[in-house]
């Protein structure tokens, strides 16, 4: 009897979970793989959307939880949160003895997973390397690439960049982004089959969204968190003026998220936002359905670039957070500037739906990755290819 | 009046100090720079050569010390030592507020300096990127490159590799390795002007080294620490057989160093090594003088590749620790195999001295780097160049 | 010339600062003492009142800041916050080399100061030992006593208890609580000379407080944080019904503070609290003046027990947080029960002002303590007295 | 069906394991208890005797291992090792969810177990409180008492002291020391049935011990580690002069242990110690048998006070490490002074064997404690009894 390969996935934030959900399922379903799931960081916190609850409701068994998030009011806290991730994940991995560990994308704490794995000679798998965004994410993502042994990237340009950085072609795979697998699932029956306000509560008036609605999801940009409040006000102004029913998602944990959040709170107390409803979080499938049926996504979430491209949904992408990311025809870029943002939204909602674009994969990434993980050699040492 | 730029250098190990000593002096002497010196990790420990004592004796003022080294018997300890480096250096940097921070080369804990700087938006300078060695050092070095904003490399091939990895040419400088600055200093008067055993004590018989001597410096290879004992015995056998007076330096802190050290200790108790004297450490200038006057360096230290090339001294390089590093004509490579090692030594001591080779610089790197640091823009954000 | 004794005080929270402010001044003013001030924990965070800003505005120089507070949604975070306090304070103390270190009272993270001092053989001074409260504070306070070498207690019964626990009478002093020194300062001119809403902002309507007002300050009880929401609603109900202008202070950082805070927020959105104004924090002197001129303090803050006794102000003390603390005639105790709370408030505001009570000292503790610290032997080792 | 109570025991050092071995067995064997075993600290390290190997050889299943020991060359390392214990044990306990946690005695890192348990509201059991020794152990032991909810003490005087410190009599039990349970086991057949040198290797010549031998076990005293070397030389001198075959055990991990160890190593290189054999560690049962058959134990180990009293074996107790501990008639105390030590040894080996003394229990503590743990209420909150 063959022993199953133990693949340990570390989820440290709500959006990361959405990206790997179908991969988790594919690993669980694979005959030759065993899933070990670690939930850490903001994914454990109610304050940041209680992803752990969603994960458990989805039926996944969590093998270890790691609390390591400092109150984030400056960048020092980000470094220390990462420090704690290394310390505790080292211990979790040591006791768990997985055959390989998967770290996701480029959030600052993901390098904690990478170091805890690489330093203990455990093969490290990196998801979504090779993208280009600027900011601290940029440094973290490429450092993750240099610590990782195996790379699953989301697009052809990303694959080219990972190879240029000197990685071994034998271990770089363009499998597309598993977050689109979820998007693919809703396409059979894409109707909005739930009432988001009834199901998710949140803050703000009950809205009639039957004639269409916008979605806003805007995070602070790490390196400019002092401007976070100014930035968010630009978007708030536009949404207030447009008077279109709007579903707004609170930002996730980053230096500055408090400035963004409190910017929103203060604005609400001063101005009329009775056509806006605020949510903390949403099950991924529900969010995708919501996206699919919306007039468009406003903000700087990667969903505008990835899921919206795949689903054929308009997206106004604000600021520099997604700078450098390859994008489909569904996106209009705008600066943190109310005029630009408003023009972009108006142009989109008055034009036809964009075509679907498969630059980030075809919706079958989870299974693809699991199949590769079951077969591939698992090294923990490598050398620059030039 | 112009405020001096505060350049914080973090020294975490004895060999790292040797590499930056002249740079520290050059920063101190520069009118527009102020040196902030942090000593951490094994550099503080008597067990690993008490580098801090040497640093203080050399007249440098230490601004902060950070104890963070776990007892290293497995790789988990390396990850946790690094975790502590991040946590404490974050705090040190936060309170110190330097204009830029310099991290050295590729020891595992150096990524702690890099993360503590990068995550706090402090410009990060990396010394000696772009080299190729394999092992965990390889991952750490290139991850440091991806976290760093400014790069001072030691050789042209290294510069090419750093640029290929996508760094901005504006911030990559081939200044040579500052460790050679020290080597350059002794060339005016290179005689062995001290008795190493009298001056440094150590363990073993008093030796007559007036007719020449070998030097051994062999560290465990991190990824194979279970073989460390087997490896060291090969070298011990050769040295025992050759009967040439030999000055042997204990290994530094790495997973496996205890296996190497205890291998040496057990061997000494069983076999006659009366022609071998063991040292824990030595002031860099004394070591260079010792090197210059030796019949050759045996082991896997980078000194065989760098300093010996510059000085024109034979070096037998054993195993894979220096694999991939550009080398001059002074080096013969050998596997962890007593026959190969012995042949290589005999061939060298029976041939002429090798010519000096300047692949790692001309001995003026410290001043070059300080001059650049005084003038250059200090960014803390960057983007892949492709 | 005599070298001044370096006394390091570690302030980890807003209320701790209020307790030691006059002591800090007395140390600074003493010819034989030098103040070293470390600010850590929630005292650095805006989320918990930004005490660090107040400290700097008061003119104190801060020698080191230490960020170590995890997002607190469960008790695990409290343990880890304490862990980080030990790690970083160890390093701060090691580099600072104070002659003695002072830890304050019984918040969970204060044991971090105690361990970092005691383990490094630095004499440890504990303020406010010997009190009795139950909860985790109880364990922490007495553990601090057992780690400390010198004890300054606030009342005679506390002194008796510290001695009973086996401490050396030579090092136990009943100096009273230095927080009352501030209270003593306002007595010369106790008028409310500022408009709290204008000066401190906060949330809620502008209030006319010229005809009197209540103050509420209610923290979650650590060991029952799941009940925190239920508890706070009882008080909210009473305040709503009474319709008396009320100044309400947000709770500080503890497991459960989010439940309390969100309890308040939700209540405000549902019910009319237009006669209540919410504050995050206030300069100690302003708060004392506010207290002095109020109809009474409601909640479970120690200010009801200490400052209100000294000033002669009514206090309704709710629940078990202050259980076991010696109290003066100004206090009526009530359970977390709207009926009991309401009756207690009504009884107090309809009766005369209580007499001043000096069980916690006479308002000269800071100077007393500084004088003792300048003279006393500073041991770092001790032995049980029985 | 009743659910078994999960009792988590944290073993952080070799001597602690010896103390609880029979308790571990008794918990495992009890129908209503389930053992959860965590091994941490120096118990994991080869350098300190590889207790983990012994534990596994004894057939115990280890639920989690935690690496947290810094290289100990000063007291800062002790504080940081403790910090890491808190951080990682918090996480282990959080994921394990035991019904109660047991911390052992008074080593500095044991307070890590106490804080991780107490702060997470998990009932804390303390073994061997109430003893009196001075040094940092003294502070740690009593702080453990104040953090613990349930106390199992080793002697009547200890019980009296714990009660005097204000603990609730309902939760204080004098069960004797479980280390004596092991000693009781060998009494049926106490012959030395193995050759210690053959079985355990170690360093030094093969010895003929058939005509009797001494045992030495001397640890550095934490608060005076700079004197550790001087102290050990006094004992070395005596042992050298006596020429009696001697079995010497290396010291365990504490600040100064390197000074002690290197003191021994240097002494061996200079003087003739051919009648001395050095051991790193020994299985507890073998050590007890060795003790029972020896001429006496020299040094400052607690075994001289406890096991030797119970077994009726001479002990010369040196220095202050055991100061304050209740002792039987088998002990002669000596200062760190070669003359005193020599006189004491000579007096003992020339007199009759001492009588057995049961001040530390009758050899049935493990079962007694397990039975109580199965029945007793398990609180996690308490209040001073006066």
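Chains: A, B, C and D, in written order; residue numbering restarts at 1 for each.
Criterion: a contact is a pair of C-beta atoms (placed from the backbone, for glycine too) under 8 Å apart; a residue touches a chain by one contact, two chains touch by 3 or more.
Because the structure is a prediction, the values reported are computed rather than measured.
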So which chain is farthest from subunit B, going by the mean of the CA atoms in each chain?
C
Write down the chain pair with more C-beta contact pairs when A-C is set against A-D.
A-C
Chain-centre distance (mean CA atoms) for subunit A and subunit C, in whole Å, is 42
Find the geometric centre of each of subunit A and subunit D from their Cα atoms only, then give the gap between the two centres in Å, rounded to an integer.
51
Indicate the residues of subunit C shared as contacts by at least two other chains.
67, 76, 80, 84, 87, 90-91, 94
Using the touch rule from the top, collect the residues of subunit A that touch subunit B in their complex.
75-76, 78-80, 82-84, 86-87, 90-91, 94, 108, 111, 115-116, 118-121, 132-136, 138-139, 142-143, 145-147, 161, 164-166, 223, 324, 380-384, 386
Seen from subunit A, its contact residues with subunit C in the complex are 45-47, 67-71, 73-74, 76-77, 80, 84, 258
Using the touch rule from the top, collect the residues of subunit A that touch subunit D in their complex.
64-67, 84, 87-88, 90-92, 94-95
